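In order of appearance the chains are A, B, C and D, and numbering begins at 1 in each one.
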Amino acid sequence: MEKFKNNYIIQAWLVVFLSLCFGSALAGVQLVLSPKIEANKINETLAKVPELILGKEGVKRLAKEGLSLKINPRIIQIKKNNRIISYKVFQAIEKGKVSGWVIKSSGRGYADKIELLIGLNPSLNKISGLFIIEQKETPGLGNKIANLDFRKQFISKNTNTAIIASKTGATSPNEIDAITGATISSRSVCSIVNTAVKDLRSSLKKNQIKPI
Amino acid sequence: MAQDPTSFERFIQGIIPENPVYRQLLGLCPTLAVTNNMKAAMTMAGAVAFVLFGANIVISLIRNLLKPHLRIVIFTLTIATFVTIVDRFLAAYMYSMSKALGPYIPLIIVNCIIIARCEVCASKQSVITAGADAIGQSIGFGLALASIAGVREILGTGMFFGLRVMPLTWPDWVIMVLPPGAFFTLGLLLGTFNLIESKMAKNKNKG
Amino acid sequence: MDYFLDIFLIAIGAALINNFVLYYFVGICPFIGVSRRIDMAVGMGFAVTFVITIAAFLSWTITTFILIPGAPISSFIAGFFISKAEAAHIDLTILSYIVYIFAISSSVQFVEMYVKKFFPVLYKSFGVFLPLITTNCAILFACLVIMSNVAGVENPADAWGLGKALTLAFFGGIGFTIAIVIMSGIREELEFCDIPKSLEGAAISFIVAGILAMAFMGFTGVDSGLKKAMKSKDAALSSKLHILDSESQIPKYLKEAEKIEYLT
Amino acid sequence: MAEKKQEKKPGQAETSITPHIQVAFSPHFSDYSLTTQKVMMDVLIALIPVTGMAIYYFRLYAIKQILVCLISCLIAEAIFMKMRKKPFSLFDYSAAITGLILGLSLPGPAPWYVGVIGSFVAIGIGKVIFGGLGMNLFNPAMVGRAFVMISFAGVMAASGYIDVKGTVDAVSMATPLNAFKQSGTSTAILDLFLGFTNGSPGEVSALACLLGGIYLCIRKTASWEIPTGVIITVIIIGGLSDFLSPQEGWTLFHHLFSGALLFGAFFIATDPVTSPLTPRGKFIFGAGIGAFVMLLRLFSGYPEGVMFAVLLMNAVTPLINRWVPHKTLGERKKQR
């Protein structure tokens, strides 16, 4: 009897019992909430797609006409420097025609990773929108990259030439104004955009999914 | 057991006399990390309140079954479960906030406030007292977070709960929303708290 | 080469730029509480570094092989009960917090026993801190960062390997040691200062920590700078290679290649 | 610790507290006949060439900035000392020096509140909180400057130095370090040496800094080991980086004469209270500053690193004091 009482397993019956209870509680939580979390993750990017391609006006028009945009998400992998890089790309289809692309990309900023969405026109040579999903740049300086004033400079820039952030004010068509005091953050955004577009343009053009 | 504080005493103690942040210096990591704006601070306070309440109730319910050498394991297991639930809940219903708080929600597991309350109160007293204690401590923690976050958000961005309270010409003290500002604010507020307290103690002695 | 550069940057980032204590605020309790004497601070720092590395090893292994969807062990076991295709989707990440905290506490226990038995001298110098470490947020924080870099990445190729995970943990511990040793030196000096009564103790420590955090902010961007300095020569070459295999219809990039600083 | 506090009555004069401090903190004044006042007077004299150059070159900008900082430092000192119920120590000139150095190190066109906030933080958090003169652990002026530098980066860093509307020519160009870091243009060495370039009013002229600094070293108010340490390290690291990856138009001399390096080495780092006690410790302190300055200049996002370097080395000063003399950690234990 004494031996039985001192057995570790018996002593720990409460731990085992609680583990079972909590385990089933967590399984329940997982079952109920995980579809919602997944949906949140997808919606975070998906919800931005129409505006990035069509602009605010375009979205209003779409809503007015009662049309909807069909969005094909897919992952494209390219090989670069012997490393496989994968991008999430959204192809938007309106009335059976490709109306644009959105690329999700990320790169190093001044402080931490910058994650952004780039909207492109159907022939992939003009930027139709830019949205910063995540950034941790210096508040008051670098975090202005998320502001509309900075982002809208990218709209309708030609992607044939790399976009350059200019400290002294944009002069040529492929230049944008860098944020005062946050040149590095501004340049990071440009370089993320440039790299992503450069990496994907040809492969997207080559193997487009046929619009259904 | 006779001298153990009653439910009401526990509740009151948590708010000011035994404030988790200013008096016990517990739970400092979220106190500093998420207080650069009020919204994040209040979400954090809510999450901590939920975990604290849940853990206190469960521990109090099973307090007679606890074995001394296994109690920490059970505390940790309970707390970790509640934290996981709160983390998933935030991810499902407040996705952007859960992203902003990042690792600081799971870090509630090692938040000393909760394990200390389980040890000091819940594992010894009845469910009602444990619940009252959890609520009192949560209010105290929430008030502490609010005081720090209020100062930091107003000075750092000129806003309060995302609404502008300072004139537009207010130059944002960016440092206040960055790590150094957190340390300065907590240090100075702690000093102020001590000062007020010592003055009150003096008055009491005189009277 | 890229791999070692990444490792190097993770190390610098964890130890200096995003110092665990002064930037992420983890491990504040010992930072404020224990750091009264330099030798104690050194002991505490080493103990944390030691445990953090072991915990990181455990959590990386568990995450990679058991917790993430499609992890080999969990899908193998589940394969006995459900179809192989379904088994590959088993996602146990909801258990990660519980698993980590137990991994940490058991590694603390294990380290304590091991050190006590085989290195009594070492045990004397930092053994007393070991039980305290279980609730040190720095260790759980390191595990969480590793998890987000293993399970939270969109591109499986970007997931951290064991080397990166251990580097982050070890240098995070070193960063903690640096901060706590500097702080203890200052606190010894503070004994001679005439601090206002209400600010004595923790309050003045926070203010000093604020000044330290301010000083450490000078390091922001050092990693980008180093990366730029070390990569500038390779960058031109590699982008040329890339242009070759992807149709040469955008010749202008060749000229711009050197200006692109942060390759994903 | 608590007993020590109680010995001091609130009304006690500053002078009677001083001996207690000097035991712990002031063996750095190798000549004990020097009083605090004399030392501070020396520093003020040494700052004359720098201030003169600043006023000559930046005119109103420099005068405005210096005055704002001076006055607010004195007011802050008066307020905070009163709050601590200590005698107001205006006449030891220490607050004035903090104000002057802060004013000289802020960009001329920076708005008034930058100077005011910087001064209050410098005196409040940097000095009085630790017990006032002689007990501060960090250089007050640099604490204040770091605070405003991080807070108001928009009007301080890079663009803070350029005043587009400026009528004075000097402030309408980028600082040499910035110009180089951002667009790769370099400034002529002679201009850097004499000070015909943009920057903080105090730092532009290497010549003025050298003049004042050498005066300080000769008077033994500042210990020569610190600036020597700084300069030697910068020469070594600068030379090495020059050798390994030569950058067009930017040489070792640019590193030496540009930015706040000399100003920092002679006037900021040499603050006797916040630097180590022994000569060897001082040299290590200086070398550390030099190394951090170069690390931050070459790699960090900030164009200049003197301020951060000084704060970092201030922080490790207690450790240098402890480990550099002859004692090691192990030996100390045996003594007990």
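In the analysis below, a residue touches a chain if its C-beta (ideal position, glycine included) is under 8 Å from a C-beta of that chain, and two chains touch if they have at least 3 such contacts.
Just so it is clear, the model here is predicted, and its values are computed rather than measured.
Visitor: Any chains in contact with both chain C and chain D?
Guide: A, B
Visitor: Enter the minimum step count from chain B to chain C; a value of 1 means the two chains touch.
Guide: Minimum number of steps from chain B to chain C: 1.
Visitor: By the contact definition above, name the pair with the higher C-beta contact count: A-B or A-D.
Guide: Most C-beta pairs in contact, of the two: A-B.
Visitor: Could you tell me which chain's Cα centre is nearest to the average position of every protein Cα atom shown?
Guide: Closest chain centre to the overall C-alpha centroid: C.
Visitor: What's the chain with its C-alpha centre farthest out from chain A?
Guide: Centre of mass proxy via C-alpha means gives D as farthest from chain A.
Visitor: Which integer distance in Å separates the CA centroid of chain A from that of chain B?
Guide: Measuring from centre to centre gives 34 Å for this pair.
Visitor: So how far apart, in whole Å, are chain A and chain D when each is placed at the average of its C-alpha atoms?
Guide: 45
Visitor: How many angstrom lie between the centres of chain B and chain D, each centre taken as the mean Cα position?
Guide: That pair's centroid distance is 40 Å.
Visitor: Rounded to a whole Å, what is the gap between the Cα centroids of chain A and chain C?
Guide: 25
Visitor: Can you list the chain A residues in contact with two or more other chains?
Guide: Where chain A meets two or more other chains at a single residue, that happens at 22, 26, 29-30, 34, 110, 138, 140-141, 184.
Visitor: Out of chain D, which residues touch more than one other chain, so two or more?
Guide: Residues 125, 147, 150, 153, 301 of chain D touch two or more partner chains.
Visitor: At which residue positions does chain C touch at least two other chains?
Guide: 94-95, 98, 196-197, 199, 204, 207, 210-211, 214, 217, 220-221, 224
Visitor: Take each protein chain as a node, join two nodes whenever their chains touch, and name the resulting shape: line, ring, star, complete or other.
Guide: Drawn as a graph, the chains make a fully connected set, so complete.
Visitor: Quick check on the complex: what are the chain B residues that touch chain D?
Guide: 171-176, 178, 180, 184
Visitor: Taking the complex as given, what residues does chain C use to touch chain A?
Guide: Going by the criterion above, the answer is residues 2, 91, 94-95, 98, 154-155, 157, 220-221, 224, 227, 238, 241-242, 245-247, 249-250, 252-253, 256, 259-264.
Visitor: In the complex formed with chain D, which residues of chain A make contact?
Guide: Result: residues 110, 138, 140-141, 167, 180-181, 183-184 of chain A touch chain D.
Visitor: Enumerate the contact residues on chain B facing chain C in the complex.
Guide: So the residues of chain B touching chain C come out as 25-26, 28-29, 32-33, 72-73, 76-77, 80-81, 83-84, 87-88, 103, 106-107, 109-112, 115, 175, 178-184, 186-188, 190-192, 194-195, 198.
Visitor: Show me the residue ranges of chain C that touch chain D in the complex, using the header's touch definition.
Guide: 38-39, 42, 181-182, 185-186, 188-197, 199-200, 204, 207-208, 210-212, 214-222, 224-226, 229
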